[in-house]
Each structure stands twice: as C-alpha cells, then as structure tokens.
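Two complexes, one shared chain (subunit A), two partners (subunit B, subunit C).
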Partner chain A sequence: MNNINYLVGKELFFSKTLKTSRFCLFLYFKVKRRSYIGQILYRLWEYFVKNNILLYSEYKKYYIREYKNYAEYLERHYTLPSDLVKKILNNKLRYKCLKDWPDVGIQNLVQTPDAEIIRKFLEFLKIVSLENYDED
Partner chain B sequence: MMKIRDGFVTNSSSTNFLIISKEELTIDYLMKKLGVSPNSPIVSEMESLCREIIDGSQSGVRWFNVAEINYDTVLEVFGQNSANRYKELTSIGYHAFMGHTGSDDSPLTSFFTTDCFILDERGLYIDGKNCVW
Partner chain C sequence: MQISICDIVNLMKNIWFTLSDVLSSWETVTVIAIIILNLFFALFFRKHVNKKSIQQIDFLIKNGKYIPSLYVELNSAAEQLRYFAYPHKWRKKLIRDFNGLFKNIASKRIRETIDENLILRLSKKSNYFRIHEAIENNLKIFEHYRNFPYDEGNRIGQFHFIIEFSSFYYQNRLNELMEYCKVASQNSVILTGSAGNGKTNLLCEFSKMVMNTGNICAFVEARKIKSECTNYFEKQYFTKNLRITQTVSWLWLQNILLYFRRKYLFILIDAINENDNETFITSIREFSNQYAKYKKVKILYSCRSEFFEARYKKYFDSTLIPPYILNSESFSYNLRAKESVLNTYKKYFRFSGTIQGLAKERLFESLLLMRIFFEVYKNDGNLSITQLNNWAIYKKYIEIINKQTEPLRFEEIISRVAALMIAADDYESVRLNKLNLSSTDRALFENALDNNFLITKKIMLREGTLTEESDERIYFVFDELRDYCISRQQLITCENQTPLNYALFYQYVDQLVEKQQSPAEGVLKFSYCHFRAQQKHVECKRLLQDYGQTYFHTPMMRYDKEQPFSSFGAMIILTAIDELLDFEFEYFATISLASIHEWQDLMSYGLRNEYRHNQHGIDLLLQVILHMARLDPNMLKERMLGLFSHRFAIHNQRSFTDQYENYLESINEEDGRLPIGLCKLTIIFYSLVPTASLLYSYIREGILHYPNIVNDLILEYAGTEIVAELELLKKPRQIQEPINSIKQLFKKLEQFNETDDEGIIDE
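Up next, the complex of A and B:
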C-alpha cells in the first residue's frame, strides 16, 4: 500500500497509520502533550484528520449501484485523475474536506505562505500537496 | 501566482500579553515551559516565537498607558482573574511582564497573537486574551 497521502486542493485523501496517529504526534515533534505547543500541534492534527470519512464504506453504503466499482466512484465522485486513483486505491482510504474548519486560527496558520511548521507537519503526516494536479 | 485565501482575512493585529513567570524570561526557559524539547524538529520556529515574546515584553502593551506593572494595571488591562493570579504569584517571588506581539511576525507568533487563551501551569502564567483583530 502506498503510504503517501495526497492533498488535492482542499481535499485530503489519506490512510490512517500508527506513525501518523495522535499517539505518535507528540513523540515525533518531541513536545509535551499537555503544553502550549502540544495543544497547537493537536489542533493541527485535528484539522487534517478529525471527522474523516472511510471512503470504501461510503461507496458500499450509498454509491454501489451508481458506480461500476470503487475506482470509478473515486474518479467520478471526487473528480480525481485515474493515475492518482491507481496510486491511492485501497479499502482503508479516508477523506477529509478542509474547507470551513471552525478553528479559524489554525486555518490561518495552515494558509500562511512558507510557514515551516506547516511544511514539517505535512511531512509528519506524509502529505503531498497537489494544488494543480495534472495527469501526466 | 496569486494565492487566494479563504477564511478570515484581516489587517495586522496585535495582542497584549501578561506573563507571570517563576524565573526571568529567557528563550530556554520559555521553550521549556511552552513544552518543546531542545531536539524537537520545530525548535527553530519555537525559538522565533520565544524571542518575539521576549522582545514584545520589552516594548510594553499597546493602547494602555502602563508606567508600572502592579495589581491595578494588571486589573485594568487583563481583568480580575489575571489580577488575582498576579497578586498570588508575585507574593511568592514570581516575575511579571507585560508586552505585545503582532500578526506580522513569524507564523507561530502571528498565531499566538490571534489566538485567545490562558496558560496557567506550574512556573508560568500567560494571559493572551487581550487581542484586537
């Protein structure tokens, strides 16, 4: 399974792993959990991960008649290029829309151009940002 | 390429802060109390935040004329709860600092500026609720 997660515009497609879990967050960044910076990192983690949807389960529950198969569901429902779908296709794939998150401060921090802390956070979550993804 | 930012867009903002600290404010002490280890991947970002907080404490608060930090000025700028903590902690030897930071500073300092919070733990009290944005 590909361990890279993809951010396509404001939509995140990812797989949950132990290494990118809340548990490992504080170990990776070497911060105290109940501290000022620990809480900021936890809010960032929530922004990217909390309230996600398990896509295969969604497909089976609501879309199994509408689309020929799971891959077609990802391509057409989320308008994803087929080569990206091939890379991310797995039954444990999750989806999170990052628009309109209520924590405005965190949203602003994420959108700050060239913020090193955000670049490092994306590295921790193994997220590759594909703002203008084009099929090759 | 133009970047379009959705969400909250604002002019520059400032926040006044109150720090009541067991020890004199240094970057190392603040880093420790804010929860980051010296070998953390984000140590340089945290150093910038701590440096800007310390610089901010030397420039004083905005919008208030504070000649001296005492119970009355803490009450005026930060309110009753912080004034009570100021009284309790300074009576056992803690140091008090007032200052301000801006949203044009480094990303973490900008976040610190626009975030509204109280941090109250052993050795450090921070009131960051007096913000205008």
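Up next, the complex of A and C:
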C-alpha cells in the first residue's frame, strides 16, 4: 500500500496508520500532551485528520448505484486525474476537506509561508502537496 | 379446549358460503378485478414510464444536446440534487456533517465562553425539521457575534475576536448544510442557469441515477407539451394503455405503493423557457398544486435564468408550496473541475493541440465560450494556442452555423438584427416581425435557435389592458456576441464608404460612451482588435487617447481577477493578441507615471504572467520601464520607491519586497535559476531603490549566471538617466552587502548619519 498522502488543493486524501495517529504524534515531536506546544500540535492534527470520511464505505452507502466502480467514483465525484487515482486507490483511503475549518488560529498558522512547524507536520503525516490543482 | 377436524371443516365451509354470497354479486367482482388490475399495472408502471424517459435521453443524445462522456461534476448542484432524490437516506449524512463541524476543541471553547444555546450535536434520529432548527439557531448566534456587539466584547474580552473570525467559517459551512436541508425537504425544485451551463446534462444524469436506484422517472422536454401539463401527463403516462379515467385515484394508489417500496415518482421537465405556449405556462401552477398533495411525487424543472425572473417566477410563487430555486451559477467552479471539462472536451472533439496561458484562462471564464471554441476547432491537430482571439472564434462559429442552416442565410439575419438594434438604440432585443422573414425562412430560423447564438421570447405588452398584445423578440444569448455583431456592422458601414471615413463610427461610440450603454465596452475592444489587425495604428492611438480613461465599472471591480486593470485603455491593448507595439508600451508608461495604482497593477500582472509562463510577463515590464525612463525619469524613481514603500504595504497587507522575494524564490525553485529578464528587472529595482538591499543575493547569482547582464542593460537603456545608476553597479565594491547581525546594523546606522545621500554607502 502506498503510504504517501496527497493534499490536492484544499482536499486531503490519506490512509490512516498507527504512525500518524494522535498517540504517535506526541512521541514523534517529543512533546508533552498537556503542554502549550502539545495543544497546538493536537489542534493541527485535528485540522488535518479529524472528522475524515472513509471513502470506500461512503461509496458503498451512497454512491454505489451511481458509479460503476470505486475508481470512477473517485475520478468523477472528486474530479481527480486518473493517474492520481491509480496511485491512491485503496479501500482504506480517507478524505478530509480543509476548507472552512473553524479554528482560526490554526488556519492562520497553516497559511503562514515557511512555517517550520507546518513543514514538519506535513513530513509527519507524509503529505505531498499538489498545489496547482485548486485555486480559490 | 380441543379443536377437532370437524370444527375446522365446518369453519371452512362457513367462510366459503359467506364468500360465495359476496362474490355472487357482479359489482363486487368488478371492483375486486379493477383493484387487482390496478395493482398489476402499477407494478409495471415503472417500466412503462422509465422506457419513455430513456427514449427521451436517446433523442437528446442524437441531437447533440446531451453528451454523456462530457459530463463533469463542476460544482455542488449535483450534490444538492442527490439530497433532493434521497432525502431519507442522506439525512444521516447531513447529521454527520453537522456534528463533524462542531467536533473540535475550538467549538467547545466557543460554546463554553459565549452561549449555551449553541447546538453542538444532533442525534441520529433527528428529522429535517429539527436539523433546520439547529442550523438556524447556530447561524443566528454566529451572525450576532459577527456584527461585533460591544457589550459582548466587554463580557468575554479578547476572545471575542476569535469568535468573530471563526463565525465566518462556521457560517459558510452552515449555509451550505442549510441549502441541503431545504432542498431535501422540498417536493419541487427549479434548476436555473445561463445558456450552456449544463442544465440538460445535469437533468439527464439525474434521471439515469434515479432510474438505476429503482425510482420512477418521467423525463420530458417542455417544448413537447402542446397543451396543459396535467392533460399531457395523463394522456402520455397514466391513461394511454390503461383506459382509466380517474387519474387522481391512480396517483393516490401509486403514492401508497411507492410509500411501501420507499421510492419516488420523479417528473422532470427540461427547459420550460423553450415553450412559449400560453396554456402551458398558465397550467404550471395547477400542475404543481395537484402533484404537491402526493408526498411521493417530486418535480424538477429547468429554466434559463434570463427568463425565469421575468416570466415564470410569478406562476411558481403563487403555487401552494413554492419550489426551491437551485441556481447552478451560484456555486463556484474549482480549477480542477474546469481542467477536467477542458480535457473531456478535447477528447470528445478530437482536438489534439495544446491550449496554454492566457487562452486557457479566458476559456475558463466562460463554459459557453469553451464549447464554442471546441465546436470551431474540432478535429484540429497540431495547434498550439496561447492566445485567444474571441472575434476570430465568433467569426468561424457563424460560418459553421451558416452551413448548418442552409439555405437560410444566418449571417445576414445576425447583421440585420445588429442593424435594427443600432437604429432603435435598444441593445436588449429586437422585434421578430421587423426581420420580415418568409414562412419557410421562419421555420428554418426557429430550428437554428438551438445553436446558443440567438434566442426568442414571447412577451405580453400592456398586459391586463384593452390593448394587450403578444410580441416575439430576439435576443443575443451572449453579450459579447452581440457586441461583436454590432461593432462588425458599424465598421462595415464605415468601410463601405468612399473615401474611407470612420467619423460615423466615432460619433456612434461617443454616443454609446456618453449614455453608458452596455455594448460600449465590447464595441471598443472589438474595433481596437480590428484596427490593430489592419495595422491602422492612427485609429488605435485615437481610441486609446479618447476612451482609454473611460470607466465602465465601479472601482471595486479592479480587485476582480478577471479585470487586472482599472484602466480601460490597458484592458483594450491586452485583448489584442499580437505583440505589443511602441505606442502601446508608451501608453502603459504614461498611465503608470500618472497613477501609482496603475503601476502596481501592471507590476502584479507582469509578474503573475511570468510565473505562469504566459505572454506579457517581464518583457512587458522592461519595455514599460524603458519608456517611463525616457518620458520622466524622476517620476520613474518615485514610482519605484512607491512600490517598495511602507504605503504599499498598508494597502496590500504584505510589502512588495516580500511579495517580490516570494516570486523570485518560487521561480528559482521551479526553474533552477532566474530567467535573464527577471534578473534584469531585479537589477533595475536594486539600482533605483536604495532600500531594496534584500535583493542583493539574487543579483549576485544573476551576475554569476549572466556575466554581461549589466552591460546589456546599459546598452538597452542608453540615453536614459538609469544608465548612471547602472554604471555604479559595475564596480563590485558598490554592491551593498546585506545586514546579517545587529552589530552590523548599528554600524551602518552610524555611517548613515554621516552620509548625505540616499543611503548607498561608498566603501
């Protein structure tokens, strides 16, 4: 399974693993959970990961009669290019829309150019950003 | 108590004798037979109706109005229609999305601080009424905090600002959920949108989707309904094969059966604006009212937005339950969706060329223009299009329609329409009878109206009075098409005169501009392109001089991406796709010297194009700077200082230095090194603006890669006062080193106090 996660514009397609869970979050950054930086990291983790959708079960519940197969669902419903769909196609793929996340502080932090913490966090989650796919 | 076999037999005998008494009457037998027949045909009703819908879809595919492979989910209109189709099932999705929005630390903090009435969670069994209440309640709370009430600010302190900014995001998301909730709880919806927006495509996909999930779908084009809606559906679907006169009881039976099967009967009426029959229009209200009684019947209409407000809204507003209006243009199309549409069109129309840069951006602005472009260039290969000439595309499109509508001379009709508009000074529409078409031409013309160029509309004049009469009028679908036809008509009139004289044309344009009429902007743009193509530079200069500073839109529009300049003259120049000429660079230089805002717009435009590898990038900026140096070198320095000054930063929240550095870094990362044009620009900035010392590292790199760059610049700018500043750069010791530590900063400040110039330190 491909462990790389893709950020396409404001939409994140990722696979949840133990290494990117919130338990390993504090171990990776070597911070205490109840410290200030621990809270910031937890909020960042919420921004990227929490309230995600398991795409395969979403497809089976709501879209199975509309699209021929799971790959077509990803291509047509999320307008993803077919080469990207081939890379990310798996039954454990999750989706999170990062637009309109209400935590203003985290929104500002993520939009700060060259913020070191964001760069490290994206490394932790193994996210590759495909920025040119979307523009507001 | 023991029951013997004899008792059972006696019971059966009694039942049989009772039944035989009942069944002995012919009336009872007839009623039971009818009920069984109804049940039988009701079960086969779905096949009968769906078959007709599939035939309708096939008909649209044959006519080219629906192309299944071209369908792309552009925005959330399709998602809203899914909520409309499956309200029961998708209720859980809506509740999940609502709960997910408030399942975070920020929401908990907000609730603790501001209001215990904020609803953070809905139970899975909540109905749409409860969901609607919860969303409305939360929206009110956030609206209250967005309006910055000072009392709350005193009560909760600085946290108020966080809530105020967060409210923006909450409201966006809650408004979206509210729309889903509204459309799911409605039984009828009207889908509106402009021409070429994809309404028919969406309806066809929707009908296929609901048929695949076991629902009943009656899909019909409005123009096929020649009488009242109710009569049409009765005859076509309910009574044709069944010989049943009571439609109401039939629908009631269907309603019950669908309730048990948990399915719906969808009635889709496409393009109601294409049916001008008065009986049809007036019957919409009765039709909606009759079917509103049945909870398992849902109706979906589609209508062009240009007609909806003027003609149909009043009928729908007077129905028992006014339908939900789904405007497909209210959603934004994201770039990915537009790219997907472009690639789909390329495959379908077998266009193997490339479309890049400004041409691509222009196509993304309008899907109808994209469709027209591919109709014109279909089956074309080996074409690389970086610039889009709208008038060339419209010209070719008219030629295609001309061929398709032979023997009708479509081009002539368009010219006559344009001439009538000019004569009447009315650019909205023209009366059809003024074209004086013969009956055969009229029939051909009506067939030609499907090509998205012209549309007709019947309106009632002096409605409700003694002198009421109906009037059929012709409209151009696209304003730009109208402007093209009008400017063409006027220019032909002038060029047919001997000697050639454009006085009439200028008189006409003066009149348009003075009255601020809608075709003015388009006419000026197309005529400029025409003069440019004909190399009539005198006329081009006259247009720029006389009309370049005209404002056709409010000042706020200058922040719109589609309008990079507030100067109309600059916009006109950039519509022409050829390489810019000397007088055009001079025009840019003049407006930049006159206003810092124009200069800033030009700088942003040039840098953005350079980053996207479009035309009119750094080359444009370098030429403009050269002309500015020739015209007024002191003002040029002032403009440069203005760019890098704090004043710019206040208006744009980030200083130009930061933005420019970002540009340089991103171009450096992408291409490996800065292109020579960008190096030249950086050197000019550095030489003219003493505070641009942060650009030192880029200049050093530039000089390493291009050793003769400074000499080349001196040659290019020979005769201007910039040369003196550039000469200074030739001596390496004059290049200002960056400040890397606080000690160095203090040292420089001490030396600065001792110098009497602008800060360039001579070491």
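Definition applied: the second predicted complex is superposed on the first by the 132 of 136 C-alpha atoms of A that agree within 3 Å, B and C clash if a C-alpha of one lies under 4 Å from a C-alpha of the other, contacts with A are read in each partner's own complex, and residues count from 1 in each chain.
Note that contacts are C-beta pairs under 8 Å (C-beta built on N, C-alpha and C of every residue); 3 or more make two chains touch, one makes a residue touch a chain.
It should be emphasised that the depicted structure is a prediction, and the values quoted were computed from it without experimental measurement.
Q: Could you classify subunit B and subunit C on subunit A, in the superposed arrangement, as clash or fit?
A: Aligned on subunit A, subunit B and subunit C fit with no clash.
Q: Touch test for A:56: subunit B only (first), subunit C only (second), both, or neither?
A: neither
Q: Would you sort A:79 into first (subunit B), second (subunit C), both or neither based on which partner it touches?
A: Once the two structures are laid over each other on A, A:79 reaches subunit C alone.
Q: Mind working out whether A:9 is in touch with subunit B, subunit C, both or neither, as first, second, both or neither?
A: Second partner only.
Q: Given the overlay on chain A, how many degrees, to the nearest 10, lie between subunit B and subunit C at the CA centre of subunit A?
A: 100
Q: In the overlaid three-chain picture, which partner chain does A:65 touch, first (subunit B) or second (subunit C), both, or neither?
A: Second partner only, subunit C.
Q: Give one of first, second, both or neither to describe whether A:32 is in contact with subunit B, with subunit C, with both, or with none.
A: first
Q: Name the contact category of A:42: first (subunit B only), second (subunit C only), both, or neither.
A: Once the two structures are laid over each other on A, A:42 reaches subunit C alone.
Q: Mind working out whether A:104 is in touch with subunit B, subunit C, both or neither, as first, second, both or neither?
A: Both partners, subunit B and subunit C.
Q: Report, in whole Å, the shortest distance between any C-alpha atom of subunit B and any C-alpha atom of subunit C after the two complexes are superposed.
A: 5
Q: Do any residues of subunit A touch both subunit B and subunit C, and if so, which are they?
A: Correct list for subunit A: 104-107, 113.
Q: For a test of understanding, state which residues of subunit B touch subunit A in their complex under the given definition.
A: Residue list for subunit B touching subunit A: 3, 5-8, 33-37, 39-42, 44-46, 107-108, 110-111, 114-115, 117, 119, 121, 126.
Q: Which positions of subunit A touch subunit B when the two form their complex?
A: Counting only subunit A, the residues touching subunit B are 28-32, 34-38, 40, 99, 104-109, 111-113, 115-118, 120.
Q: For a test of understanding, state which residues of subunit C touch subunit A in their complex under the given definition.
A: Touch residues, subunit C against subunit A: 72-73, 82, 86, 89-90, 93, 100-101, 103-107, 162, 165-166, 169-170, 172-173, 209, 212-213, 334-337, 339-340, 662.
Q: What part of subunit A is in contact with subunit C in the complex they form?
A: Listed in rising order, the residues are 8-9, 39, 42-43, 46, 50-51, 62, 65-66, 76-77, 79-81, 100-107, 113, 133-135.
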